[in-house]
Structure formats: C-alpha cells, structure tokens
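See below for the structure under consideration.
Should a chain be cited, it is by its letter among A, B, C, D, E, F, G, H, I, J, K and L, assigned in written order, with residues numbered from 1 in that chain.
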C-alpha cells in the first residue's frame, strides 16, 4: 500500500527519485566534508577559509533538506542515514588529521567540480520527467558553481601552472 | 611536529581527546538520524514530531561544532568524516523507508537514552583530566536529558505498559 | 486602446493569460477554504492542523498576489472578485459548520492534489508561450506538492487502507 | 450535541453570532475587492493608491480572522467560503478590467461608508447581548473610519462639487 | 494618610478595587496552574498542549501585571503574595504528579470557563463605577474566551458525548 | 461644501468634535511641558525622571496623533497650531529655567490629575454620541492614570504629609 | 548660583545660547505646523505628502531635542513651553481648517526657506564663539535644505511660472 | 508503573529531586514577592527599583522553568501549585499594602541572602548524585548573588551602620 | 592559462558569456539612469516616482551582481567598467538636467521595454547552452516586466492615446 | 526659469556645485571600479579583499547619493549618467579581465589616494562659499582615508620597498 | 621607510598626530575609570548611575577606536598600551575600593570637565593642519559636554552651594 | 564596617577574591593589547586578523565585566584602574609602532597561552573555596583556548618548525 501517493507517473518517478536520492547523498557528504575541513584547516589563510567552508556547509545542509523533502513530496522516502552516505558518497573526500589551507582549497575545488558535473547530468535527465525537480537541480548547480569559482579564484596561481 | 600545542599534559589529553571524538560521532550520527526521521515520519502526530526532530538536529549540530572545536583547541584533530561516522556510530539507528510516528518516538527515546548513558561515563572520566571539557559534557547531557523526557512524555502510555 | 502593452505576442498571451487567471482563482479559493478549515476544525489534532492551515493560506495568498501581478505585467487584467471565485472555483470545497480534524486533512489532500494536477497541465501549456510564467507555475507546484505530502503523511494510516 | 459550549445565553448568542457572521462577509469581501483594485488600478496616482489598498486589505484580513475566531469562541461556526461571500456580500463591488485611479478612490469611499454604516448598527445591536463583541466592532469601525477619511481626503475636490 | 490619591470617588473605588483584586488572584493562579500542567503533561498530545499552555501562562502573566498596575493606579495596593493566592484562588486546580493530556485539556476548559463567568460578572459590576476598568475586563474576557474555544475544539469528541 | 463627510449625525458630531479638539490641545501641551521638564530638570533623581518624562512625551505624542486623525476621520479638521495651544491649554504649566526634581514630580502629578479629570468628563459626554470615540478616551485615560500613579509613588512621602 | 557650569566663556555663551534658543523655537514650531498639515491636507496628493510631512516632523522633533540638550549642556536652560513658542515663532504658519495639497507644499517651501535663512545666519554667528554648536547648525541646515528641495521639486511647474 | 524513566540511580534521584523541588518553590515564591514589591513600592527611588524588581522576577521565572523541566527530565514530577508554594515557601515575605522603597531593598537583600544560603547547601548536596544538576544550581547562585550585591550596594549606608 | 576553469563546453560558454556580459551592461546602465532620474525628477508626482526609481535601482544593482558573479563562476571575467558601460549601453538614456515626472515615466517604460526585449532573446539563446543561466535570465525578466507594468499603469492615459 | 531656487548666492553656488559634481563622478566611478575588482580578483587573498571591496562600493554608493541630493538641494541638477562618468572620471581605473589580488590592492591605494587629494582641494574651496557642503566633503574624506589606510596596511611590505 | 603614507604634509601631521594620541589616552583612561566606578559604586543612586557610567564607557570606547584608526589612517601608529595609559593619563582618577554615589558624580564631573578643556584646545590646534580631524574632535566634545551636563544636573544642589 | 556582606566565609573569600582580581587584570590588559594590535597591524593578512583581534577584545571586555561584578557580588571591590593594570599585568605585551601580521599572531599565541596557564591554576585553586567562581574560570578558559587554537592554526607552519 502506498503511503504517499505521487503526482508523477511511475517511470518519471523512478528517474526523478533516483536523481534526488543521489543529490541528497552528495549534499550530506559535502556538508560533512566541509565541516571536517572547517575544523582541521591550518595555515595563513585559516580564518578566511574557515568561514568560507561554513557557507558551503550551510548551503549543502539547506539544499539537502529541500531535496529530501522534495523526494518525500513525490512519494519517495529519502535515505540520509550514516551507513547510506558512507556506502554511496562518490565525491573526493578528506584525509585524516590537520589539513593545510592549500590542500583544503584544492579539495573543495575538486569536490565541487565533481558535484557540479553530476548535477548537470541530472538537469538533463529530469527535464522531461519532472521540470519542477529540474528547476531545483538548477538552483543547486548555480550555488555550487558560485562556490566553485570562489575557491578557484582563491587558489590562483595554482601549483600546476 | 605538533601543529597545535595542547594546554593539557599528555595523559590527560588522551582521555579528553577520546571522550570528545566519541561524543562528536554520537552527535553527528544523532543529527543524521534525526533528519532521516524528520523526512520519513508518517502518522497523526507527523507535524508535531517533524518539528521536534528539527530541534534535536539543531541541538546535535550545534554541540557537534562546539565539541569538534574543543578537540582542535586542545590539539586533537577531530574526525567527522562520513566513513568515520558509519564505522563508529554506536547508537540505535533508523530503518529504511517511511517511519510510523510511534516508531520514531521509540527510536528517539532509545537513541537519546543510550547517548546520555555514554555521556555520563565521559563526565566521570574527564573530571580530573580536564574539568573544562567535563563542563561541556554536562551541558550536552542536560540538553539531551530534556529531549529524552519530552519524547518519553509524548510516548505515554507505552505499549508495554 | 491597450492600457498595458504586453511583451508577449497575441497568441502566446492568450494561453498565458488564461493559465494565470485560472491559477489565480485556484489560489484565492484555496486561501478561503484554508481559512474556513482553520476556524472550524475540531478534534485532538486541532492545534497542530490549525497552524498548518495558516501556512497553506499564507502560501496561497502570496502566490495569488504574484500570479495576479504577473497577469497585469503581461497586460491582462486579473479577476479575483468574489463572484468570479464563486463561479469558477473548481477544487473540492468545505462543508458548512464544524469540521472534524480527519475530515480537514482529507479535504486538504484532495484539494491540493486537484490543484497540482491543474498546475502541471499549465506548466506544459506555458512552456513555449512564456517560459517566465512557466517558471512561476513550477514554483507554485513545488510548494503545493510539499503541502500535499505533509497532509498525506499526517493522514496515514488512512481509513481506506 | 454542542461542539463548543457558549459563554453567552441563547438569545444573546443569536444576535451576536449574526453580527459576527455579517461582519465576516463584509471584511472578506472588502479584502477581495481591495486586492482586485490593487492589481487593476491605472492612472497617475497608481503607486500611491496601490499601496494604500494593501493597507485596507491587511486591515480587512486581520479583522476577518479576529471576527471569525470570536464567533468560534462563542460557539458559532463562522462561514467564509467563496459561495457564502458571493451570495451575501452587500457592499459596492468592482467592475471587471482595468480601473482608473479616480474610480478606485470613489469605490473605496462608498464601500467603506457602507461597511461603516452596517458596523454602527451592529455596535448598537450587540451592546447588551455581548459588550465584548461590541468592543471588537468599535475597533473595526475606528480603523475603517480612518481609511474612509483618507480616501475622501485623497478624493477632493470631488467631481460633484 | 493616602499614599496614592484615587481619581475615582470612594464607592466606585471600592467596587472597582475589589473586581481588580479578584481578577489578579484568578490570573496569577491560572498562570501557576498553567505552568504546573506545562511541566507535568504526558500523552500523545504532549508537545502540542505543552506549547499551548505556555500561551495561557503568558496571557495570564501579562494581564496580571496590567490588572495589578491598574489597581495601584486607582490607589488600591494589589495583593499577589503566595499566601493570598493560596487562600483566595477559586478556580479548579491541578492534582499532584504527572497529568494525562486529556485531563489537562479538561482542566483548562473548566478553569477557563469558571474564570470567564467571574469576569463577565465584573464587566457588569464595573460598568458604572469605572468604564476604564470595565474595558480592561472585556479585553481579558476576549482573550480567555479564545483560549476556552481552542481547548474545547481540541477536546472533541468528548468522552461524555 | 463638506470636504470630509461625517459618519455621525450633526449633533453627535458637535459634542464629539469638541471633545477631540480639547483632548488634542491637552496632549500637545502635555508633550511640550514634558519635554521642557525633560531638558531642565536638576537634582539627584535627574536621570530617573529625565527618562520617565520621555515616556510621558511619547504617550502624549502618539495619542495626539490618534486623536487628531480621529477628528479628521469624523470630518472635523483638528487644530494643533502653536497659537491654538498657547491660547487654550488649560493644564498646569512649567515655570522658566532649571527645575528641581521634586518640583517636576509635583508638576506632573498635578498636570496629569487635571488632564484625567477632563478626560473622565469627556468619557461621559461621548458615550451616547460616539462610543467609538469614547473608547479612545478610555484608552488615553488608562495610560495617563498609570503615569499619574507612578509620579505619585515617586513622590511619597510628600512634603505636605 | 550657577546650576550647570558652562565650558564656554560668558560672551561666547550669550551668542551661542541665543542661537540655540531661537533654533529650538523654529524647530518646535515647524514640528507643530508639520503635524497640522499632516492632519488637514486634502487633494489628490494627500497620501504622498501626508507621509512626507511626517518626515519633516520627525526631523524637527529629533533636532529640537539635540538643540535643547546642547543648550543645557552649555549651561543655558532651554525654553520650549507653549507660550514661548506662540510668542516667538517667526516662520510662516498654517491657516485653520482643511488645507489643499498645493497650499501645503507652498507653505512648506516658504517655512523651510525662512528657517534655512535664519540657520545660515546662526552658522556665521557661532563660528567663533562655539564651533561645536556651529557644527550642529550645519547638520540641521543640510537636512532642512534637503526637505526644501523635495517640496520645491514636488511643486513644479509653479503657478507663478 | 514509571512514566518517565530516570537516567539516575534511585538514591541519587531522591537527593537531586528534593533539591530541585525546593529550589522551584524558592524561585516561584521569589517571583511572586518580586512582583508584589514591583507593584506596591513607593518612595523617591520608585522607578529605579520598580525596574530592578522586574529583572529579579524575570530571572526567577526563567530559572523556575529550567528547574522544573530538569526535575521532569529526571523523572520527578515538579510541584509549583499555589497551595504548595504557600505551604513550603521559606524565604522572608512581603507585608500587605504599599511598601516604602527602603523596605523593599531590605526585603530583597534578606530574601536573596536566604535563597543563596539554601542554594549553596544544594550545590554541596548534589555534587556526587548529579553534577549536571549541581551545575544548574551554580548558575542560579551566580545570578542571585549578583542581584544580592546590587540591592546591597543600593542600600548603603545602612540604617544599622 | 585558464584562471577559472569553466563547467561548460567552449561553444556553450561563448554564447552564455556573451549573454551575461550584455545583461551586465544593461543592468549597470539602468541603475545609473535610474539614479539620474531619482535625483533630477520634478513635478507633482516627484515623491512617488522618486521612491519607485530607487526600487528599480536596487533591482538592477542586485541582479548586476548576480549576473557578473555568474559570469565569473563560468570562467568569464565580467566587464563593468565606466568606459565599457558608456561604449556598449544600448537602452534609451536620460537627458541632462531636471526631468519632468511625465518624462521620467516615459523614459522608464521605454528603457525597461527595450531591456525586456533583449532579455527574452537571451532566454531563447541560452536555453540549450546553459539552462542554469537561462533560469537567471527569466528571473530578471519577471522582475523587469513587473516594473514595466507599474510604470505603464502610472502613465495612463498616455498623451498619444 | 529656475526650477529649484538655491539658498546660496550665485558665485558661491558655482564653486559649490562644481565641487559636488566632480565628487559625484569620483564616487560613482569608484563604485564601478570597486565592483569590477570585486568580481575579477584572484589570488590567495581573494575572499578577504572581495569583501573589503564591497565596503568601498557601499561607501561610494551611499556618499554619491548624499552628494547628488545635496547638489539638487542647492538647485544644481547632478549628472551621473554613464557617458558623463566615462568622459570625466579622472581616477586610476582597472584593466580588463582577471586581476591579481596584489594588483587590486595597489589599484585601490592609488585610486583612493588620488580621490582624497581632490577632496582636500574641495574642502579648501568650499569653506567660504558653503560650510555645509564643506562638512560633507570632510565626512567623505575621513571615510576614504580610513579605507586608504587599510589597503596600505594590507599592502605591506610593498614590492618597491 | 614609511609604512602608511600620510595624506597630510609633515608639520600638519605632527600637530594632528599628537592631538589624536593625547585624545586616545584620555578616552581609554576615561573608559577604565568609568568601569571602575561602574563596579564599585554604592549608595541610593547605585542603579541609576551604574547604568549612566556604562554609557560613558561605551562613548569613550567607541571614540577611542575612531581616534586610533584616524591616527593610523594619517600614518601615525597609535599607542594605547597599558603602560602608556598609566604613564600619560592626565585626568582625575578614582580612588581604590567602594565609591559613594556622590563621590562618583563629583569624579565624573571633574574628569569630563578636564577632558573637555583639553579637547577644546585641540579643536583650536587642528583647525588649520587638518579640519577633518578637527571635525572628529568636535564630535567627541559635543558628546562629552552632554555627559558633563547630565552629571552636573544629577549633582545639584552641590555641597559647596 | 562591611559595605557588601559576602556569602563566603573569610578564608574562602580571600582565595577567590584574589583569583578574580588577577583574572580581571589579565583580561583588561588583554583587551588593551588586542586593540593595540588591531590598530597597528600591517601585512597581507591585515584584514583577517584585524577582525579576529576585535573578537578577542570583545571576549576580554565581556568577561572582565563578569569577573569584576562577581568580585563585587562576593564583597570584594575590584580594581581595574590604569595604574593597577600597568603595575600588575603579567602577560606578554606589544611593542611600540606598526606590527607585522606574523608578529601579531605570535604575540597572541603567547599571550593567550600564558593567560590560560594562569586560569588553569585558578580553576584548581577555587574548586573548594567557591565552585561558582570556578565555573566562571572554566568558561573563560574554554573561550581563550578556542582563540589560542585559532591563532596557532593561523600560524602554521611556524618559523621554528
């Protein structure tokens, strides 16, 4: 028996629900990685990036709530349990212990870049099944691309240049 | 080479650092479990408990930040990464999918009760090594015991009575 | 003589104006129904749903203003007069007198479901004529689908299950 | 069986309940008319009166809530459904389409004047049966008389002078 | 020697002062009873009514301050000492220990109903001696009647129905 | 030709208009006297009464605005010009130059007492012609009686006792 | 015996004290005139100028407080009593009764222009005796010149052009 | 059958529960005494102490809520009913009628001193059974000792010196 | 060497970057034109339109920031220097000196209409290359179309009608 | 025919008006340059200076409004159109494309230094013609000198040292 | 090598820098003295003056920050270290231990009077070298003269009168 | 004769009073040193550390107030006069003139480390004599240890590593 009846047809719901669940894990993982770096960063840019990371965390937490409630609204129970995140989180992670500020910036650039790539695929995938969910994916992308730029700008000239 | 020099002697630091790291995982896990229930709860008390869970989450998130920064302040890099939480989280967790409101209340009562028991052990353990950390453990305990009472009060008469 | 010149061509304007006018009536009607239930609800969940209904009303009122001003912005005078609402409102309504809390939840689930179905048709209809209006329709849909889920979650297990 | 027991004797309740129900319809109708004019007004005083109308709407909405909850508090279920408003609203209404600013001011002066006249009758009628309700009627009258003055002041010299 | 000279003649002052003193005790007692229930309530509606009781307490405390200062303003020293409340409080009280949520709702309905009955007598009694005090009595009555309705609505269908 | 048409009949309007105009002058005069004392007070209670006077001034200014706009709302143009205040202000005034704190308290007690006496006459006079205006007079009286008590309490034991 | 000892020499004090007292009367008078117009204005620009006048009143009241306290700070008791304002106010005043909006704008332009001319003389007069007071005069002038411009801009094309 | 299961062992709970209940009565009594003095104080320091008493009342009310909810959290139903306060309140009380400002200061010094003495005993008594409760007792003591100092400072030189 | 790596492919980036740069200039120019009119407007609607223009300026400034940061986020350095605006601004501009209110309204209607036309082209152009940027273009269009309507409504009946 | 009559004599007005117009262009140009750098800055101090630049922009925008309205208040229509800024802006500008953080700091130091030098000349020039305008010039100078110091402090040790 | 290049010529800078450094020490000393009195005051005016002193402290702290940053802005490193204050503070200080309220008022009157005298000398000294700094000195003087008056008013009749 | 009677026995008071007085001097000195560095810092991290120092200053000022009032509350007059700070301040101080950002970070690390060491001794010393004061010492330690960590993190890799 269905608990929450969807307003989407079944096939559309499968694609959309999967896009939302994957985004939920990306965002929850990003919020944990961001806090990890917020606590462990050291180096001359400590204070500046310590605060910037809390903006990433706030963004990731707020969107994770919106994404999970959108899944529920469509009738798909979201899964954000620790074991699920650990098992399915696919973005670059943080190493153990103190993190040099330059390392943190590199980590955020690559984690955000990976997240954005995945989101852009979901924008394409959800366009037909559910443009309302697509619109949410676009909002998240816009915000993460802004963070992505700011960490890149912070990171220039890069060591590999 | 030490990155952040501790203001505690080595033995005291070991006990205190371990108490803080374990508390960090309890709180981060609790915040994820709380959100999971916040999103998946169904039943006639949906709205009331949906909001109550967000208070647990806010409490757990705020204290996790304080606890992690206290560890860093003592020279111990805190570890709140997804894989660490999944591997070491020891409180009762949530099952997959929609959760009946009565199940959620039961879950919160038992998870909070377990968390409180572990905190009371750390209050005893940190008294001598670092009373400043002990004071923080007592603040967390006071708040979780308040939440523990409110879920119990919500849950009465219990099925097993 | 045209009072407000439209930025849309005539055919596109006809479709878009009609979608906006119909949405306006749905939202104004929903706000009146929501208040009716807010005042007349009785039962053990009185307080919880009394407040939830005011969120529906606030949502419906705010979006009705945006929708009506969007119509005006496109050069179509919106019509939200009592007689127009009474004549064209097509969602399920409320019966006279006190309303049991379970009845109210059922009413909101069905009224919101109907409103969402109509909005999804307008999302499809306005995509080509005016994507700016389509974007507004999607925002309203997202919000009503969230309310729809919360009343369903509140309503489970249903009597017919 | 009575749902909400009144604190008034039956005869007093009949008079008071009827005064409240009539006031509710006047205020809800006024709020819809006010919004209609807010959206459709054109002319050199557009902006000034556009905002003034929103104050009328806010006043009418807030008092309609107080009036309906007062009826409920006395044990009379209030009726603010679209069909009820359309059937019993007795103040001057708005015509369809764009409205010239001078027309809007005239409309508001006459609608408010009519509403005030009806309220003053209810002040007299409720004095003995329920002075608490009478006090509410006086508060509404004071506020509408203030709006009535401001639209008159705006409207001078009048065309018929 | 008079400390604060009254603006009322002696006979009017006696009636008015007595009405204010009795109201003060009703309100202070109500605020204590409300807090007692706020702390001791258990049952599935715990959270919802726990908060509703704090609104009763806030209302009772604020009006008790206004009433006591009005007595002082008229030259009558108000008496809100513990022994005075215990000796003269005449509304239904709370029993010792945990209170089931249904009991709490019943208690509030009967305590508010009794308080309202007494206030309506004072509205009649103060009309001639001091209409300014009568106006205050009417404001308190309006607010308590609103609370009375909400607890009744919460309490339906009643066990005795 | 009438600029603002009254909602009151002519005879009622005359009594009400005159009560409002007299109250306006009392309040504007009181606000000027209050500021005069606020600036010129000296003595050990300087700071305490300096602030208390600003509360009297704020009260008098706010009510003067309400009173004047109520007169306008009824169709009577209010007169608060300097020459009108000087010519018709009938409460005790302040002498020139620095004012000892005890003098200021005496002045406020007598000015407020006189103002209250005049207001109580207007409460009686306006009851029949316009209960809406009477209600405003009662609100002003309640507030001034509170100020009257506080200055008396401040002033005890009095020199003449 | 001096109550408040001045920080200025006697001759400088005389000039400065007189400039402050004259400014005080101008500002208090302006605030009364501004309110008079705020209440009595009629015409199509009623609402717009009704609010603009309240800004003039707020400006005049705030500066009157600063000016009077500056006089006191220098040891000169300020005089803002009704009879003093009536006797020494030298700016153009308002006539009795309703005021047409165009009349109000003319009145404010001429009253502000006169006030500014008098302030510019005091800027010159206080430069040597007390540059601190001169600085205050300049702040008032800047603000009144801004108001003066806005009423002129409102008033164009003028009838005499 | 236990309603709320305690996180403390039985013997520890008995001591802690008793300390909390006694503190609850002290604080509720103090809040009532403080309001009594707030309303009945007369004398030249009326305004200053009138406000200071409201700070004592706010402190006592807030801590009484925390203390009662801590008792509930530990499984002990708190008792703050009028009859309980009257029967067990053990601090110095207020006499009937107007209170001279010097009397009020003396009363607050002695009531606070007595309350602090009792709290310091409970700090000792709860250290072992429940350090979390002890921490709360210390917070209350710190705040009351601050109030105790301020009333003493206000009261010097004392009559008995 | 690329400073900020784009998340878009090259061809898509070219189209999107150009749409963003052109929009940036339109918005910065509009903000300057809006302020110019805000300062130089004269006529009976001075105050009303003076404020309305500041809303246009705030809208234009906020969106210009979002647009420029979106360009940067995509790896395209935005250009908002004075010489660039002057050289490429293509909307109708303001003439030198004072501006009659009717002229200002005409200017805003035509400048906004032109800006909207250009934005609608960019909505079409960016749909495929970058729907995230398209979404931003739609938000700007919605807001400018609202302003466009309000200036048209203000401007009716037009001289050419 | 004069639109806004000046309160200054003609010769004084010419000097003052010219000083204000030149300052307006400096500030508007500075606000555009500041935003350009805010968007295009890259390097390890990105975040810190990105925010500092927004403070410069806010300062420049606020003062530009005050300066332009002061010109209008004196009867001189201010000119802040794109073409005027481009033609008369005389401070150092920004080059096209991304800007290294060290370049940005150098640019701001030199632009602010130049602006301050020009303002100090205007302080001297306006002292006699209009001390009210001079006072405004001094306020701007104080604020820009503070920004000038902070960018210099940020920039030390300089490359040329 | 100069760290911060001044915008003032050398001779002007010497005078201005010295005036700022001396003012800094006066204000920091005043803030410490004010806090010392805030903590140690006893007597019947304890509460009133306890708060007034915190306003002096806030004023002194805020201006000390502005003064020190103005020195830095001009290229002069300010010196506010404990040893510098102790060595160069030249205003009357506080004695050790509790301070009677009358003593405190006397102390503040004389310390403020001395500070004002020194500031007025610096107003004269900085007029030519740096009118921007002179303007700051005048702002400080205005504020301290206001505090000086209020303590004098509080202190009357003085013992020596 | 004792001014403020202590709630502690004499021996306990001596230890506690001395711990509080020493902490007061540490905190006031720290606040002055922090401001000195806030004003004189230069280098590429100027802005970031400039703000961080103001947080240290705010922390030190707030705790100094709490500590001094706690001393007074226990009957010990606190001493925070300039000469006392200069004579007894024992933490590392700042040198004269501009301070390189790296020097500032080193200074704060060593000053905070020293302050924490002294506080930890006082935590041990006050445990028995006054646990309420000990609790305050622990709060200060927690906060300073957090600042200590952040300056260390900022300072890594250190020159001596």
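Methods note: contacts are C-beta pairs under 8 Å (C-beta built on N, C-alpha and C of every residue); 3 or more make two chains touch, one makes a residue touch a chain.
Just so it is clear, the structure is predicted and the values come from calculations on it, not from any experiment.
S.K.: Could you quickly compare K-L and H-K and let me know which has more C-beta contacts?
M.R.: Spelling it out, more C-beta pairs touch across K-L than across the other pair.
S.K.: Could you grab the centroid distance between chain B and chain G? Build each centroid from C-alpha atoms only and quote it in angstrom.
M.R.: A distance of 63 Å separates the two centres.
S.K.: Please report how many Å separate the Cα centroid of chain A from that of chain C, as a whole number.
M.R.: Going by mean C-alpha positions, chain A sits 32 Å from chain C.
S.K.: Chain C: which residues touch two or more other chains?
M.R.: Residue numbers touching two or more other chains: 3-4, 42, 45, 48, 69, 72, 98, 135, 152-153, 156.
S.K.: Line, ring, star, complete or other: which describes how these chains touch one another?
M.R.: Here the contact pattern is something else, fitting no line, ring, star or complete shape.
S.K.: If we count contacts the way the header does, which residues on chain K are in touch with chain H in the complex?
M.R.: Residue list for chain K touching chain H: 41-48, 50, 98.
S.K.: Mind listing the chain I positions that touch chain A in their complex?
M.R.: Within the complex, chain I contacts chain A at residues 1, 3-5, 7, 69-70, 72-75, 131-132, 135-136.
S.K.: In the complex formed with chain A, which residues of chain C make contact?
M.R.: 113, 116-117, 120, 123, 127, 134-135, 138-139, 141-142, 145-146, 148-149, 152-153, 156, 161
S.K.: Please name which positions on chain H make contact with chain K in the complex.
M.R.: Those in contact with chain K are residues 45, 48-49, 52, 150, 152-157.
S.K.: Any idea which chain H residues touch chain E in the complex?
M.R.: Interface residues on the chain H side: 3-4, 28-29, 32-33, 35-36, 39-40, 42, 64-65, 68-69, 71-72, 77-83, 85-87, 89, 93-94, 96-98.
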